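Across the two complexes that follow, chain A remains constant while its partner is chain B and subsequently chain C.
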Partner chain A sequence: MNFFSWLQYDFMKYAFLAILIITPLFGLMGTMIVNRKMAFFSDALGHSALTGIAVGVVLGVNNTSISMVVFAIVFALLLNLISGKVSSSTDTVISVFSSCSIALGLAILSQGGNFSKYSSILVGDILSITPREIWYLFVILLAALAFWLFGFNKLLAVSLNRTLAGSLHISAVWLENLFAVLTALIVMVSIKWIGILIINALLILPAAAAKNISENMREYHFFSILFSVFSGVLGLVISYYTNVATGPTIVILASFIYFATYWWGSRYNV
Partner chain B sequence: MKRNKYMFVLLMLLAITLAGGIFTGAYIHVDGERQQQKGIYVVTSFYPVYIAALNVTKGSSGVVLENLSEPQSGCMHDYQLTPQDMILLSKADLFLVNGGGIESFLSDVGKSYPQLAIVKASDGLELSGGENAHVWMDTRNYAAMVRNIAEALKQVDPANAELYQTNAKDYCEKIGKLTEEMEELRVETEGKPVVIFHEAYEYVAEELGMNIVYCLDLDEERQISAHEVAEVIEEIAQGEVSVVFAEELYGKDMGDTVETETQARVCYLDALVRGDYRADSYLSAMQANIDVLKRAFRSADK
Partner chain C sequence: MRKIIMPCGLHCIKVNHLGVTLGGQEILKDINLHIHCGSLNVVIGRNGAGKSTLIRAILGDIAHTGNIEFKDRENGHIQKLKIGYVPQSMNVEKQTPVSVYDMIASYQSNVPVFLMRGKKVRREIEEHLEIFEAGHLIDKQVCNLSGGELQRVLLSMALMNSPNLLLLDEPVSGIDKNGMELFYRTIYNLKKNYDLAVILISHDLEYVKQYADKVVLLDRSVLRQGSAREVFKSAEFAQVFESRKEEA
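Take a look at the complex of A and B:
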């Protein structure tokens, strides 16, 4: 049997391309998200996809992807704004936002008992990848790379110490908003085939695994991207042969890596 | 120390690849045996169509009949094709579907495989209410579907045309016996009010000449609101409805509520969207449905 027989189908080619674009992206963004302790934030964003679709359905938009992306951006900006102003801790604010939007989404989508129509978005459907979505992903990859090259040091400075960053004339608010919007875009474009329930795992796990064994920033990014691409490609191939949803397979592999690196890190790294 | 770490990462990734490879290999080995046959590939979309095709192709050589990896729960309404389905369809010569909009993924299939012959078994049948596609629940419709399927098979495999013709005739005769029983039952049920908890039973009620006063479409993941429950119970009490048709899996809770709150009797019928893959399973399941109905009406009359 030819090992690459899975590449003869168009949908697998699209999926493979999408994985090749998105996993380095996830690895990269993951490091920033983990650094900034925003794991919960991207999780809430993922859940807001449900509300985004619901809003699209209510407004009668044909392509619910658009309403999903727009809603996620608004959601991310609003979340940033409010968490900066409210006195209770950020994770409380995020939790309030996230559960509010899930409730709203469920209420609208389950109206008339039709929720099953949307349940595929919970686990993701790999056949929903189209060439157009691959182009979107590619553009976002470029934007993220640009952001990473120009903004990374500043963002790191902000996350370490806001006052210090301010003294260097870095506008924390702008940077944070830009970052939130970028995260929202990535999550939304890939959520349809990865699934709401696990998209966050894909963002967080490779970075968290890399953090277990890295001693400096360069290693951290390198390992994060390596783990992300590795679990993405292998997960796709395994899911193809075993007829299992792709997103969960990838996440299972990534969690293996996390536990292995955790063991190694606690043993040899200080 | 540093080189150690890269070695560790390398070994870890290799180990995971190897474990994944072995696992996948074992899976393919178990699963792959049936994929080697040659012949005319006929793929059906789901259970009732598969059973009908199974009966029509009985005893034919060189025809491989496969069903899509259908969902374990519920109807095909919101089913999405899996990669395995796409592979199955890519080798198919004929794709038999129920039609009537129940296979919402059909347009995707048409786009991906423009060469594939897709035949709708419910062609030429009138859908109840214009859009209810559970046509197989009416035994007369089911017989028509069997004949449509035989026609389609004759087109792609003319060599076996005669066999398909006789198989279809035999099977339709057996279905005809069920139709007769339904007609006998109709004498008692004609014009009586009924409440149904699944769209599919519209066809049963129609075949029995019953008058549907309320349809609550309960299926997988359907969350009913408290208001709807109250509405149904009121409807049953007001309309003096004595029977309710429900599906055991999704209608049981609601059925129990109805039986405690009202005088109506709940008949749990098989909607025949899934079942075991024996050739006579449609006949036996439908017979069981008829027996349930008979018992319900006989006891309601006393």
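Take a look at the complex of A and C:
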């Protein structure tokens, strides 16, 4: 049996390409999300996808992907604004907004007993991706890379100490908003392939695993992207042979890596 | 090593009628300070007197009334004031993969720290760390530094922009007695050998007495300013610090 026999099908080729674009992207973005303790934020973003679709349905938009992306961007900016203003802790605020938004989405979409039509978005299906959609993902990957090259130092500086950054005239309000928008965009564009329930795991796990064993930013990014791509590709292959949904397989592998690095980190990297 | 510039004593920084109101509450009122280069100015006062707010207002981090001018007396014209700031602490928890190089480079350079290490940047950072004998810390994780080490790292970073004014916000917390002594001596050498003025928020009155050129007693407004001896003998000083003793 040829090891690459799974690549003979077009849908597997496309899925493979998509994984090769999505996983480095998630590994990259995840580092900042984990460092800024925004795991809850990206989780809430994922959940807002349902509301975005619901808003599209109510407004009679033909392509609900557009309403989903637009809603997520508005939602992300709103969360950013509110968590900066409200004095109670950020995770509570985000949780309130997230629950409110998901309930609203479920209420609207389940009206008339039609929810099963939308339930595929909960789990996602990477095998249904088309070449055109891969191009979209590729453009977003380039945008994210450009943003990282230009804005990463400033974002890191602000997250380490806002006042100190301000004293050196590093203002990051718009960079932080841009980061939130980019995260929203990436989550929304890939949510159809990964699924609402586990998309956040894919963002968080590789970076969290990398954090366990890294001592500086270069190691952190290298390992995060490596773990992400590795569990992505291996997860796709395993899911092909075992006939299990791809998203969950990838997340299970990433979790294993997390536990392994946690063990390694607490033993050798104190 | 950086060129050492002797202080000229000819230029000064003036804070005029500075006031801060946050959420309808007046936190600072009519602050007037006159600060000479090469002098160590220490702000003291009870908790909640507005010391940190004063620092943040001078930094421009919060909105304030009044103005801050920087005068070069020799030729009279006003230059842009460069401020170096040493914060109380950094936002790093255990296991944060940020090295000293990463931290300083993220503030001082555009070479993306996640991708590569700029040779020139690294050399420059190392040179400045060496001023405080901290060159060996460059590859250590920030979260693993001791209080004193972090302080020296932050001080070297603050000096990288050749500031005219150095602001230090309560930097002596979490440092033992030897460390404190070393810290005050370092600051003393700094203001002597570099052309800069220092404003320091401090709780340790013993060291203040020994090292400060000027003491500012603050409680929403300036209660008293002058030499350490003058301020420590004043009625206002007794009022602020005696009443604190009674509370305790």
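The rule we apply is simple: the second predicted complex is superposed on the first by the 269 of 270 C-alpha atoms of A that agree within 3 Å, B and C clash if a C-alpha of one lies under 4 Å from a C-alpha of the other, contacts with A are read in each partner's own complex, and residues count from 1 in each chain.
FYI, contacts are C-beta pairs under 8 Å (C-beta built on N, C-alpha and C of every residue); 3 or more make two chains touch, one makes a residue touch a chain.
From a predicted model like this one, the values you see are computed outputs, not experimental measurements.
With both complexes brought onto chain A, simultaneous placement of chain B and chain C is permitted, the two fitting side by side without a clash.
Judged by the touch definition given at the top, the superposed model places A:257 against chain B, while chain C stays out of reach.
In the superposition on chain A, contact of A:152 is made with chain C only, not with chain B. In the superposition on chain A, A:197 makes contact with neither chain B nor chain C. In the superposition on chain A, no contact is made by A:104 with either chain B or chain C. In the superposition on chain A, contact of A:241 is made with chain B only, not with chain C. Put simply, if you stand at the Cα centre of chain A and look at the Cα centres of chain B and chain C, the angle between them is 160 degrees to the nearest 10. Once chain A of one complex is fitted onto chain A of the other, the partner contacts of A:96 are absent, as it touches neither chain B nor chain C.
In the superposition on chain A, A:160 makes contact with chain C only, while chain B stays out of contact range.
By the touch criterion defined above, A:122 reaches neither chain B nor chain C. Minimum Cα separation between chain B and chain C in the superposed model: 13 Å. Residues common to the contacts of chain A with chain B and with chain C across the two structures: none.
Remark: chain A residues 31, 35, 148-149, 152-154, 156-157, 159-161, 163-168, 170, 210-212, 214-221, 265 touch chain C in the complex. The touching residues of chain C, when paired with chain A in their complex, are 56, 59-61, 83-85, 87, 89-92, 95-99, 101-103, 105-117, 139, 141, 161, 167. Partner chain A is touched in their complex by these residues of chain B: 1, 4-5, 8-9, 12-13, 16-17, 20, 23-24, 27-28, 31, 69, 74, 77-78, 80-84, 86-87, 90, 108, 112, 217, 219-224. Residues 1, 9-12, 110, 113, 115-117, 119-120, 125-127, 213, 223, 226, 230, 234, 237-243, 253, 256-257, 260-261, 264, 268 of chain A touch chain B in their complex.
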